[in-house]
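I've put the structures underneath this note.
Both complexes shown next keep chain A, but they swap its partner, so chain B is in the first and chain C is in the second.
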Partner chain A sequence: MGDRAYKVVSALLGSSAFIFLFLILGVLLIFSYPSLIVNGIGFFTRVTWNPNISGSVTVIHGIRAMSNASYGMLVFFLGTLLSSGLALLIAVPISLGIAVFLTEVAPRRVSFGLSFFVELLAGIPSIVFGFWGFLVLGPFLKVYIEPGMATYLSFIPYFRGPVLSYGLPASGVILALMIVPIIASISRDAMSQTPLELKEAAMALGTTRWETTRRVVLPYARTAILGSVVLGLGRALGETMAVAMVSQSAVNLLPTNFYYPINSLAAFMAQTLDSAFTDPTSMEVYALVELALVLLAITTTVNIIARLMVRQGFISSAEHVVQV
Partner chain B sequence: MMKEEDRMREGPAGSQPVLAPTESLIELVELSAYYGSLQVLKNIRLSIEKNKITVFMGPSGCGKSTLVRTLNRMNDGVPGFRTTGKVMIEGQDIYASDVDPVLLKTRVGMVFQKPNPFPISIYDNVAFGPRIHKLAKNKYELDSIVRESLQKAALWDEVKDRLSKSATGLSGGQQQRLCIARALAVRPEVLLMDEPASALDPGSTSKVEELMVELKENYTVVLVTHNMQQAARVGTKVAFLYKGDLVEFGPASDVFENPKSPLTEKYIRGSL
Partner chain C sequence: MSSGETSGGSGVGGNVSSEARVAPIWKEKAVIANHRKRIFFDNVAGVLAFACVFAVLVPLADMVFMFAYRGIQLLSIESLTTITIGSSSFVSGGLANAIVGTFLLIALAAAVTIPLGLIGGIYMAEFSNDGRLSEALRFAADVLAGNSSIVLGYVGYLVFVLYFGWGYSAAAGALTLSILMFPYVFRTTELALRKVPQSIREAAIALGSTKSTMVNRLVVRFAMPGILTGILLAVGIGLSETAPLLYTASFSNYIPTGALTHQPVGYLTYVVYVYSQLPSSGAHDLAYLASFLLITMVLTINVVARLGLRRFSKV
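Entry: the complex of A and B
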């Protein structure tokens, strides 16, 4: 009798994560349903987000909505992809540099100390990053870096000025700082598992330490490194607060140059939810929930890919050592 | 014990005056090695002759692996490891500051206890060193280095039809011969073999032993083993080490049939 209760209770608790995920998915589907029906496929392609609260109430496909309201996710979707992509571009080389230094170059004691700081960085709350980005990083980039980029990269139309905001550059840098610890620590763990026999085999053939790292260690950890990058991407895609504070909150504005204000799915939801409740038809709330559904779909996909790659990486990355 | 050791060193030179000093390729001069404060090699003096198989033999922890790893500076990266004395190869101290430990390893190749092929194709394993050191001008030259190296390692006939297959699919003995081919591909003068057969079955072991005997025609082989039969079968000269001391060094037949040190005798009887 006691064993039976034990089994039931532990099974319930054990599967709670699974249950929560499906409850959340269910709630998102139910609350975004009106928006899915009314806004249809245009939701994914439109630029304009206008709840048109001052208009009149009409009925579309049997669902109440404001007339002439427009709901499009494109600005936020693009902002999310651009800021996360820029973050990866910055974070991946830095993280790999950290991981290589910690596993292959630094003396053990130095490596131990530095690892601690890398992990501390991971523990900083995102609002703290946001404040720092808003007060220091954003103004610095806008005054010192962006004008230079606009001048020297003016042969690429996208990087031509005018310099308008912290926007994308600050968002990318902030996100990069937040995901460096993730990528660096997983890569370090994977690289440190390179069998000593393989490293010695390479060294005995007269490879330098750098060549050994490049031709044996990095290839050995390649899949796990790729997994850590995707895991970092997942974090960047869903980050709300720091981006909300530095992106300068673009609405109805496509980022046609590098210095435009942007917005992300997560940041826009947080910024807009409050005012959305003033919509008498609640359609704006439903539309925000649909944004959440899109974000959940993206991050879940990215996370599943990352998990598969990291797991694969630790078991069989040996199969993927690349050729010289 | 020092006295016996001295006599041993005199021994071969005295009894075999035909050996000219130029025959010696490697000279260890008062070589000591330490891990931190632990001394693992104590004032080793011995000479390794060209185109012979010199065997380092002794129980676990006697320092034989450390000794062989000083010959190509393989232990340089080990924290706390240091040496005193000299390791002279053709008159040049390899621990001198103007010697590049990376280039040294192209002259002194190494095969390890556990076969350690890279998890890439058979061909790419052998080509790894030549590619790093740009030994081939084109694909044709690289192909012939790979073929020759595999032939020298007596593996060519077994793998010539599957060079592009992963090396990890080979048997343990084949993997070890692949590692030998990989070491030969950078054209070393010396081949260090650190218990190369201890992870192999008897059949593969005898193949590797036959191979060593063939290799000494063109290479100077230094073999580490704790297998006395193996040392007796292939060794030209045998060094017996115990707790970091070179106890006895001489022609294999002398060491096994007429050991001068009671320690060596005990070891050979299996009662050490």
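Entry: the complex of A and C
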């Protein structure tokens, strides 16, 4: 094969990245169009998701829809933000601790073995995480942790009981476990690249290991760490199956305290499409596709931010998985 | 570390002048206290850092041991070679349909995505001029990789199941999965190729090789361990996905006959998701067994990819 032909063919195959992306965007836009027109801006602020399939068919703006159906994403949007926020609160300190231990504390051999195990965690299927959360973590939190929190944190209204479920806490912890390997491995790579001269200079001034880490290593790796946190956030926002299994699937209810059942955009989408097929006007399917569009917009924005924050090249959502 | 400051200082301090009766600065109580405090904080930080590792390894160990314990009890020739019976209130039988279906979906998805990702990655590393186009391609691949898998599942449903009219089928599931796996193969191939030293390319060109021969015969072979790592990890990612398949492959209790369209296909992750929430103990057993099989396969792939292939790395 000639060099020119090779170049053209390989460029065409490489362009499938564009094709896939445009396919996704185009399909979502086309199929969410009826919902965008009928549900309008209220889609973002309404609490109730009710397809009302027993009602009668009406025509709104020239599009068939069930009368009195209500489509709002607020419950799922809030659940997504809360669970991902909680996941970050838990995962960031733990990941930084792991990265510090692996680069600054542990001997090289121990560090190699441990980072291998931490990264194995990234390979566990999210559905297995969800099953484990459903069997072990959720009940554990509900029996041992949540009552304690409700008692000792009762001076904050949000943490006051009653302990209703393991919805939000379990979702947050499961998501945290899933994003720790991402944040920890990228942070570790960045921290291990701190120039030895800088660390030696700090040590020569008499700083302890922790002071060197705190004043030299962490500031040096700051941008990469922030980027890894944003990447982890992107993963948490889009995670589907684990949340679907532990969130206890709230619909039409806004959480009033920390122990409320929640639902996320992705988990709700996974749980609902098959029941949406019964809508004779297909409006529920279109509304679900609009949710998909919103989720795509969120994860893409977060990924762009991560990319802008870290222009050092060694970090990308595809690469973190394969960097050992 | 900065230890020893508190102990041996007398030899230095002794032969200054005799009028210096005040204790040397490193013997002052405040200095010693401060030093002890800093050492204490240093130790606390070390212990806390270790506690963080511990906090992650305990769930990992619990997960692996729990599913291994239940899975090995349920593992038998029969449970791997018979198909699932029943669907909602009463489920029994084995996982043959889901195991065969999983392999079928992964094989088809890999057959589509490996050529695309591999040759696309070769373009990025060997032929592109690192301009706007390749930057945009890299960005598109990153957006794809960061995309939620259920969004992809919806797109697969709308395009392959509805618009192409394939129904729930192996083709719809596998193509959706191939889009999911593509960015991983694409990006790791480029990374692996970029690690091949420039001197190897120059040597080939100097001997009169064309660029395509140089790439195919030399650069790709040198980068092969890295490329295989990427492919293996992409397969692992495909294997562990549920959301893209729910509405494209759906599920079936029967072993796929090889029909690519209009025939739903079973897969292991579905068993975990749906059977774990059914009220029958037969269903729960299958969910445990499927989790065990998934963990075993995915961890094996990860260990082979991360440890095994590194040994063959020539670069």
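Just so it is clear, the second predicted complex is superposed on the first by the 307 of 324 C-alpha atoms of A that agree within 3 Å, B and C clash if a C-alpha of one lies under 4 Å from a C-alpha of the other, contacts with A are read in each partner's own complex, and residues count from 1 in each chain.
The rule is simple: a residue touches a chain if its C-beta (ideal position, glycine included) is under 8 Å from a C-beta of that chain, and two chains touch if they have at least 3 such contacts.
Remember, it's a predicted structure, so these values are computed and weren't measured experimentally.
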**Request:** Kindly classify A:57 by the partners it touches after superposition: chain B alone (first), chain C alone (second), both, or neither?
**Result:** neither
**Partner with the higher number of touched chain A residues, chain C or chain B** = C
**Item:** Which of chain B and chain C A:198 touches, first, second, both or neither
**Value:** first
**Message:** I'd like to know which partner A:216 touches here: chain B for first, chain C for second, both or neither.
**Reply:** first
**Asked** Of the two partner chains, chain B (first) and chain C (second), which one does A:297 touch, if any: first, second, both, or neither?
**Response** neither
**Request:** Would you check which partner chain A:208 touches, where first means chain B only, second means chain C only, and both and neither mean what they say?
**Result:** both
**Prompt:** Is A:108 in contact with chain B, with chain C, with both, or with neither (first, second, both, neither)?
**Reply:** first
**Complete:** So the chain A residues that chain B and chain C both touch are 203, 206-209, 211, 318-319, 321-322, 324
**Asked** Taking the complex as given, what residues does chain C use to touch chain A?
**Response** 1-2, 5, 38-39, 41-42, 45-46, 48-53, 55-57, 59-60, 62-63, 66-67, 115-116, 119-124, 126-128, 136-155, 157-159, 179, 182-184, 186-188, 191, 210-212, 215, 229-230, 233, 236-237, 239-243, 246-247, 269, 272-273, 276-277, 287, 291, 294-295, 298-299, 301-303, 306-307, 310
**Message:** If we count contacts the way the header does, which residues on chain B are in touch with chain A in the complex?
**Reply:** 72, 74, 77, 79, 102-106, 109-110, 112, 114, 116-121, 124, 127-129, 131-133, 166, 168, 179, 182-183, 186
**Fill in**
chain B partner, complex, touching residues on chain A are 107-108, 195, 197-198, 200-209, 211, 215-216, 318-324
**Asked** Okay, in this complex, where on chain A does chain C touch?
**Response** 1-3, 6-7, 9-11, 13-18, 20-21, 23-24, 27-28, 31, 93-98, 100-102, 104-105, 114, 116-121, 123-132, 134-137, 177, 180, 184, 203, 206-211, 213, 231, 234-235, 237-241, 244-245, 265-266, 269-270, 273-274, 288-289, 292, 295-296, 299-300, 302-304, 307, 316-319, 321-322, 324
